[in-house]
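Heads up, there are several structures right after this.
Consider the two complexes below, in which chain A is the common component and chain B and chain C are the respective partners.
Moving on to the complex of A and B:
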């Protein structure tokens, strides 16, 4: 990944009769990067991808591909290729002919086509299936064909629209890693669309979290997970505890927040003003139990009523309710052997370093 | 043991109730007439048109005569031309209907189905009216002074083929429409995405995928074209004779049922071959 811009989206907007699918989107995609659009269904991620591919015309804004504005270019003239969600393999063509489809249209010399197709087939490990028709392949194999058919054209950017959505969990996990390795080997820029946050965290160099046509946050996986900038991102990515509060002191390098009539200190500089309502967000794995609430050093402590525990193998999920009635989930390793009775008052605490502050609303409405 | 036999009996009665009526219907109205026609084709005929129930191959020897073979050849040729024109008209129509919006789609399908449900003879008489010497077309052309004498349109091969194309077009549109509509839109997007211009997309994706629809349509049009007689009767006026007319004549004016039956068996044999060929082809195209 270097600093050369492969795609620039400038004020990109798409409106369908009444609804705004994509709202004034500005984004740079760099050469060789694995970028993921992540968001719930209807957030505009697929629409954005389809605009880049040329299947949808933007209502406003520009798409600059490799330095050139491609507004007037039909999909067949754009130097991008798409891997479709339902594979969209040509049922009347063999696997080899499916993969060769794009190269044949480019009128390349026959030996060149043959070599490139062979290479692509090896890359996705489909050597035994080249003569078969798509209907004779399994879902995972079809997916590989779809990928081979796209990358064989050596596009500037490969667009992938939830390509693993139809596969079972185990195969999906395998394919995630395979795709990631493939992307690193080929050095092609990938733009990947998914609603699966775990998939996004596993594969991406950068993640663009989208909600209702807007970009909520752009960042590397760790940033998105560790320091979500909005309540929507905190809530959508992984599990999290959201505790409502009000800013009482805005100090240097820390912010003090009042919640449930107690004060909590959170490290970091935030743009929130004193008196502003916001949300403290703590991941379930960053909370510990404590016997003595009075003696935990600089940790932030709270007391809750224990509700239930859920055994999930290596971990136990402890579910509590805090004085404000918010559900608190605490993930602890099973081997710690912590056990509580429903209805019991339990103290818990977290480090000021291990919490972030986000806005009070659940995303823009 | 007793249980089992009563179970068998019950199963038989259930079978009788369910598939019984259908079997009876098929035997009565399909197997029996077919067997009758085939056996009739091996019978003789007396001087007054009566049937002589004695085995003979005379009918088949007669139909091998050049005069009948010529009519058969002309029929096959005309049916082929009709099928070609029907395909040329029906394909774009079906393609537009398949990709159009809901309202245009309904209008286009109604446009083809409503005439199809109207009595065929009525429509043929309408064509006669329009094309006759003092019909709509000639009145118009004479009125404009474009021709001095009325054009001979009615009672020509052209009129017969026109009538057949007109009648058969819906039979091609429907299977093609069903086929084209079934083509997944994402395949078309994939084609464009991989660099296909609209023309290349048609040649490399849409057309190959629509071949099963064309084949079904060809069968649905070609076979009725071979058998049709009322269109040639009405629009050909006895001047344009195809095999359907000959067969219908044997059963009416000529009163030679056995020979008519032999001709019918011949045409049936040809259509059976066509259907077998179609099945072979569709099996090969099955993906």
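Moving on to the complex of A and C:
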């Protein structure tokens, strides 16, 4: 990934009769990067992708593709290709002809087409199936055909609209890694749309978290997971505990927050002013149980009423309720020495380094 | 416990099938009967078929029917396909209304259709000819082709068309390279159906046929007035044979399309 801009979205907006699907979006996509649009359904991620592909016309704003404004270009004139969620293979053509479709339209010489198609077929390991029709393939194989059909054209940018959504979990995980390796091998810029946060974290160089047509946060996987900037991102990515509070002291490198009549120190510089309401986010894996709330060093401690525990295989999930009535989830690797009765008061604590502050309300509406 | 065989339903089905098929079977058998009148079997012959071929009116009626139904089918497939593609791809004002209008000719009684077209031609001073029959037949055949092709298109994923655009097809190129190849089976099967409807129509044709433009169905209908002749049996047998063949081909095509 270098610094050359492949796509620039400038003030991109799309309004359908009543609703704003994409609201004034500004984003640069760099050459060779794997960028993911992540968000719940209806957040505008697919609409954005469709505007880049040319299937939807922006209500306002510009899409600059490789330095050229492509406002007036129909989909067939844009140097991008799409992998559709439901594969969208041509049912009347063989696998080979499906893959060759784009190259034939470009009127390339026949030997060139044959070579490129052959290469693409090898790349997605479909050598045995080239003569079959799409209806004879499994979901995973169809997906490979769809990918081969797109990348054989060597587009500037490959757009992928939840391409693994219809596959079962195991196959999806395999394909995630395969796609990531494919992207690194080819060096093509990928824009990937998904609502699956784990998929986004696994595959992406950068993640664009979207909500209600707005970008909530752009960053690499670790940033998005460990330093969510909005309550929406904290809540949407992974599991998190959200504890409401009010700023009492704004210090250098830390912020003191009052919650449930106790004060907690959170490390880091935040733009919140004294007296402002906000939310403390702590990941369930960063919370420990403590027997003695008074003696935990500089850890932040709270007491809650124990509700239940759930065994989920690789860990034990404990559910508590804090004095403010908020649900607290604590994930522990083992149950060793941590058996509690429902209704029992239990102390828990977290490091000031292991919590972040976000706004009190869910992001802009 | 084994279920005891109950003859009731089987008998009922046998009776229903008998009522449907015995007259047809009798007609087919008697088309090969040597005796001209009466119900007794006097020996096998093909002379009624040969006599039929020597009958200029019957041969002309057959030719007329082939021309009328052939042209009707061709035009209906094209109009139906274009209309269906338009309906499938574009949204426009009055689409729902137009959709219901396209159903109407299939439920309007054939006689009313004939009467109304007859008065229309009369008002417009259009002389009756094969052309006027063809127009009449197209009115009730286009809904058949249109609806069959439209339903085959509705099972056609819109993103496949987008994929074609994405890979470099223009809008028209997409219709030609991707949409049409996928609706050919529906076009053929609906065309065969349209042909059958056109071929067997008597009522509408009766009103809008010019002199000398008698179709085969009209000819058969006319011959009945002078009693059932063995040549008529032979002719009907031929018609049934060709219709059944068409029907089988249509069904086979539709089955293949579903796969």
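The rule is short, and it goes like this: the second predicted complex is superposed on the first by the 362 of 365 C-alpha atoms of A that agree within 3 Å, B and C clash if a C-alpha of one lies under 4 Å from a C-alpha of the other, contacts with A are read in each partner's own complex, and residues count from 1 in each chain.
Definition applied: contacts are C-beta pairs under 8 Å (C-beta built on N, C-alpha and C of every residue); 3 or more make two chains touch, one makes a residue touch a chain.
Bear in mind the structure is a predicted one, so any value in this text is a computation, not a measurement.
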| item | value |
| --- | --- |
| Overlay on chain A: chain C relative to chain B, clash or fit | clash |
| Chain B versus chain C as contact partner of A:133, first or second or both or neither | first |
| Chain B versus chain C as contact partner of A:261, first or second or both or neither | neither |
| Partner chain in contact with A:273 - chain B first, chain C second, else both or neither | neither |
| First, second, both or neither for A:291, with chain B first and chain C second | neither |
| Partner chain in contact with A:170 - chain B first, chain C second, else both or neither | neither |
| Touching partner for A:335 - first (chain B), second (chain C), both, neither | neither |
| Residues of chain A that lie at the interface with chain B and also at the interface with chain C | 53-55, 74-76, 80-82, 84-86, 88-92, 101-102, 105-106, 135, 149-150, 153 |
| Touch list for chain A against partner chain C, complex | 53-55, 74-76, 80-82, 84-86, 88-92, 101-102, 105-106, 135, 149-150, 153 |
| Sites on chain B touched by chain A in the complex | 184, 186-187, 189-197, 200, 204-205, 208-209, 285, 287 |
| Complex interface listing, chain A residues touching chain B | 53-55, 74-76, 80-82, 84-86, 88-92, 101-102, 105-106, 133-135, 149-150, 153 |
| Partner chain A, residues of chain C touching it in the complex | 157, 159-160, 162-171, 173, 178, 181-182, 259 |
